[in-house]
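Each of the next two complexes has subunit A plus one other chain: subunit B in the first, subunit C in the second.
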Partner chain A sequence: METENKSIRRDALEKLFSQWLAAGKRILAPKKIADKTDFAWIRTLDEVNLDQVQTVQSPKTAIFPRVEELFSFKSSDGLVQIRDRDAAALGEIVVFGLRPCDAAAFAALKAIFTWDCPDRLFSARLEKMTVIGVACARADEYCFCTSLGGDPGATAGSDILLTDMENGQFLAEIVSERGRQAVQTASGLFAPAATREKESHLAKVEPGFNAKAIAPVLASLFDDAAFWEEQSRRCVGCGACAYVCPTCACFDIQDEGGSSGKRLRCWDSCGFQLFTLHTSGHNPRPLQSQRWRQRLMHKFAYMPERQQVLGCVGCGRCSRACPVDMNILEHLRAIAEAKP
Partner chain B sequence: MSEADIFKPYLLKIDQVIDETPDVKTLRLVFVDEQEGRDFTFRTGQFAEYSVFGEGECTFCIASPPTRKGYIECTFRKAGRVTTALAGLEPGETIGFRGPYGNIFPIHEWGKKNLLFIAGGIALPPMRSLICNVLDLRKSFNDVTIIYGARSVADLVYKSELAEWAERPDVKLVTTVDPGGETPDWKGQIGFVPTVLDKSAPSSRDTVAVVCGPPVMIKFTFPVLVKLGFAPESIFTTLENRMKCGVGKCGRCNVGKYFVCKDGPVFTFAQLQEMPQEY
Partner chain C sequence: METLKNKARELLAAKTVQVVIGYGRGSGGSSRAMFIRDPRQADDLVFDGACLQNLAVYLMKPEVRKLGKAALVAIPSTLRTILQLAAENQVGDHDLLALAVNAAGAVVPLATLNAIETHVAALDNNLSAAEKEELQKYESMGLDQRRQFWEEQFSRCLKCYACRAACPLCYCSRCTVECNQPQWIPVPAHDLGNLEWNIMRAMHLAGRCVNCGDCSRACPVGIPIYLLNQKLIGEVFANFNFRSGMAAKTDNVMSTFKPNDLEDFIR
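On to the complex of A and B.
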């Protein structure tokens, strides 16, 4: 559908929150807790912090929880009963206040979880999610969305994108059918937009490298062990980058609770040595440099080729979270400029 | 298993436990739900996720052939948490099973060809499904040669089948154990699989070779086959990377851009030559 432009006042937004809650929707939004801002289930607009450049964690937990029960089971006397998760019981949610990069990241998750054979719980959560993005008024040195086709005011992935016009009003770009339904339900809270000029309210992020150059260079660098060793020398394999990443989707499956317990899907990371370790002791990616290579190849070469989507949106979280100051933007620049 | 619920396992009951070696067992499994059992189909080369509820899942091939209906077999070495738990189960107990996953050995393209099967140690199971499938359709193929080696006589699995294959006039079976692994009454060969292959291989003419074994055996077997005149497109193997989901999502079994679980586990040597060494 064609994007419709509306506007909404801050006090009307507060009413909108009340309406969502009254309708049984839960709201996931950035909330400041001590010195960190992270996504949390909130009840009022006052709890929401939109001043930060970026939350520590991404909102991917909305559709890909850190630990998710796939089903539960009961065994006794050699007999087993499986109890399915009831996808219909998953509630409607609104993810509010996420940045355009995070909104764009849902497409990468969707590509993985619906590729070839759709994941039932993921698809159900996706179906019940409304995404209300807020454009970026500020960026920092780690942001690089513009290198990857995004920008601080990009609407892709949002159902409605709000831009703070700094006069008590938000420009509301109604991007999807789901967004239009949200506007219709909130009768009277949205007004016609006085202006759609938002550029002056947006952060400036200069492109840092040529993303199109990355995939072919990566392919030619695969066997350059010295290059990957140099790229990853500092990496301690902690996996923090994967945990804060809005598109990282690799997971483990584990049982918990003994013979009458649950089968769980848990976040995992290709940075861990255990990730690929065979029981025999053989490991196809024994070196940290090979695991770093896998991280970049997966996001910038394999996913574009296999799932037609980049596995990175340039949010910069991995660089901010890295305990040894690896800055992915610098690493990607080095790759884009490498002579194959 | 509905298509929409990719992680929900079938329930299978252990019908029989066969001790292959001191630490290798075969389980014969039947579907708890008979209708599910009748509807279940797979093809040789495919694998599955087997689970002990409360311990977790592990990945092995289906070791029985699709031509033998009514049950599924798997063979595994007791090594980690789940296989140790599996090894402790007795007939009548229930396990989880997700599958079949992955691609197949394209035996429908091998009609009237000679077949050479080369296996090492615990890697006979994926090939046993294939060999039994071929023997059940024996008239469709020409000469069948099986070369199987293990570290020692005690490590040879499927001893009853080996005896059966040795008896068959339409199968040439060569068994070997690593030097030092022989017993006083051992009548087979002594030597590593690639060496024995070099001495006993049939002509490469109109012949398909299938190799399953530990990475080191595969590494030394491919060059011997190439030297014997096999085209890389006529040499097949299976890769065994660690897996969790089996359906191309969990992110760990990939070799370059290929998922072993979706694009494999069966690959030709020609394909492997184009793939990075991540297996």
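On to the complex of A and C.
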């Protein structure tokens, strides 16, 4: 559909939230927690913090929770009964205040979870999610969306994108049918837009490297062990980068309980030594440098090849969260500049 | 700063060490670990108040170990870590050269564990005034309040294990959480899994943690894990009159059996 431009007053958001909550929707939005801002389930506008450049974690938990029950089981008299998690019982969710990079990241998650065998729970959650993005007024040195085709005011992935016009009003770009429905339901809160000029209210993010140059160089670097060791020597092998990433989709399966219990899907990370450890004891990626290579290869070579989508949106979270300052933008620049 | 750079150049040129592990400039004015093998790279070394990472974590990393003998730029907690690693037979005498920087900015090379012990003994290894104040505030909470406090904190734990990876004393090649025959700790990052993981981690470091604070700085969601470590440092001192990271040859409080133990259940 063609984008419609409307406007909404900042103080009207409170009413919008009340309407969503009254309709049984849950709201996931950036909230200040101690000295950090992170996505949390909120009930009032007061709880929401839109001043931060970026949250610690991405909003992927809305459709890919860090722990999720897939089914429950019960065994008695030699028979095992399995009860699938009821996807129809999953509630509707509004993700509010996420940045354009995060909104764009849902496409990468979708590409993975619906690739060969559509994931039932993921697809159900995606169907029940409304995405209300807020354009970036500020960026920091870790942001690099513009190197990967995004920008601080991009609408892709949002149902409605709000831009703070700095006069108590948000420009509301209604991008999808779901966005239009959300506006219709909130009768009276949205008004015609006085202007749709938003550029002057957006952050400037200079492109840092040529993304197209990355894949062929990566392919040529695969066997260059020294290159990857040099890049990753200070990496300590935790999963912080993967867990805060809006597109990292790897998971682990855990069964809990004895003769009756649950099967759970939990986040996992290719940075962990155990991730590729075989039952035989063999580990195809025994070194951290090989695991770092895998992280970049998966995002910038394998996903574009297999799913026609980049596995990175340039949100910069992994760099901000890294305990040892592995700055992904710096590493990508070095790769883009390496000779294939 | 120049003395540190000169020392690094000298050590590498003379092949006394194969690598100098120090701090370089990181993103946004921070510092980050750097591994210098070419004397010309020594120019990039920095040392200031932003240099907080405990670089001893790299002594246990295979990719770093294979570079050869290391000189390690060492802040006080790094020196205590080296002694604790030695007490646990992970580092031997003359395995590395610690480069301590004293208050006047002079570099003090410490080539033996004995030299490190002497240097550490002269430092103030107590909690800082701010740390003490925060710990007292925590200890003044009642049991229910404390439980509530940790339930709220651990509800945010992602189980990314950044705390474990950043800790130089969490060097087990296979952590208890990764054993599933039997499964000791639930893997999922749900309430029980998070509670058990964080308590197990703290208990395994009781009598070993040297309070470098890297676990807490590493935590992406900002859980104040240091409170558990500092609380246990106090408990271990009160009960066993022992402080970790002070001696290169010592028994570990929590894993040493003595026939004259005060407790009946253990005899």
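Here is the rule we go by: the second predicted complex is superposed on the first by the 339 of 340 C-alpha atoms of A that agree within 3 Å, B and C clash if a C-alpha of one lies under 4 Å from a C-alpha of the other, contacts with A are read in each partner's own complex, and residues count from 1 in each chain.
By definition in this document, a contact is a pair of C-beta atoms (placed from the backbone, for glycine too) under 8 Å apart; a residue touches a chain by one contact, two chains touch by 3 or more.
Just so it is clear, the structure is predicted and the values come from calculations on it, not from any experiment.
Colleague: Looking at the overlay, does A:D35 come into contact with subunit B only (first), subunit C only (second), both, or neither?
Modeller: second
Colleague: Using the superposition on chain A described above, determine whether A:R306 touches subunit B (first), subunit C (second), both, or neither.
Modeller: After superposing on A, A:R306 lies in contact with subunit B but is clear of subunit C.
Colleague: Looking at the overlay, what does A:Q254 touch: subunit B (first), subunit C (second), both, or neither?
Modeller: In the superposed model, A:Q254 contacts both subunit B and subunit C.
Colleague: Once chain A of both complexes is superposed, is A:S187 in touch with subunit B (first), subunit C (second), both, or neither?
Modeller: neither
Colleague: Touching A:S76 in the superposition: subunit B (first), subunit C (second), both, neither?
Modeller: Neither subunit B nor subunit C is touched by A:S76.
Colleague: Based on the superposed arrangement, let me know which partner A:F113 touches: subunit B (first), subunit C (second), both, or neither?
Modeller: In the superposed model, A:F113 contacts subunit B only, not subunit C.
Colleague: Between subunit B (first) and subunit C (second), which does A:S200 come into contact with in this model arrangement: first, second, both, or neither?
Modeller: The answer is neither, since A:S200 touches no partner chain.
Colleague: Is A:H282 in contact with subunit B, with subunit C, with both, or with neither (first, second, both, neither)?
Modeller: In the superposed model, A:H282 contacts subunit B only, not subunit C.
Colleague: List the residues of subunit A that touch subunit B in one complex and subunit C in the other.
Modeller: Touching subunit B and subunit C on subunit A: residues 252, 254.
Colleague: Within the complex, which stretch of subunit A touches subunit B?
Modeller: On the subunit A side, the touching residues are 70-71, 73, 75, 78-80, 82, 84, 112-113, 115-120, 123, 222-223, 249-255, 257-261, 263, 265, 268, 270, 275-280, 282, 284-285, 290, 294, 297-298, 301-302, 305-306.
Colleague: Report the residues of subunit A in contact with subunit C in the complex, numbered from low to high.
Modeller: Listed in rising order, the residues are 33-36, 38, 56-57, 66-67, 140-142, 229, 232-234, 236-240, 242-244, 252, 254, 256, 264, 266-267, 269, 272, 274, 287-289, 319, 321, 323-325, 327, 330.
Colleague: Would you tell me which residues of subunit B are touching subunit A in their complex?
Modeller: 3-9, 11, 13, 51, 53-57, 79-80, 83, 92-94, 96, 214-215, 240-242, 244-245, 247-252, 254-257, 262, 276, 278-279
Colleague: Which of the residues in subunit C come into contact with subunit A in the complex?
Modeller: 26-28, 30-35, 53, 57-58, 61-64, 156, 158-162, 164-166, 178, 186-190, 193, 214, 217-218, 220-222
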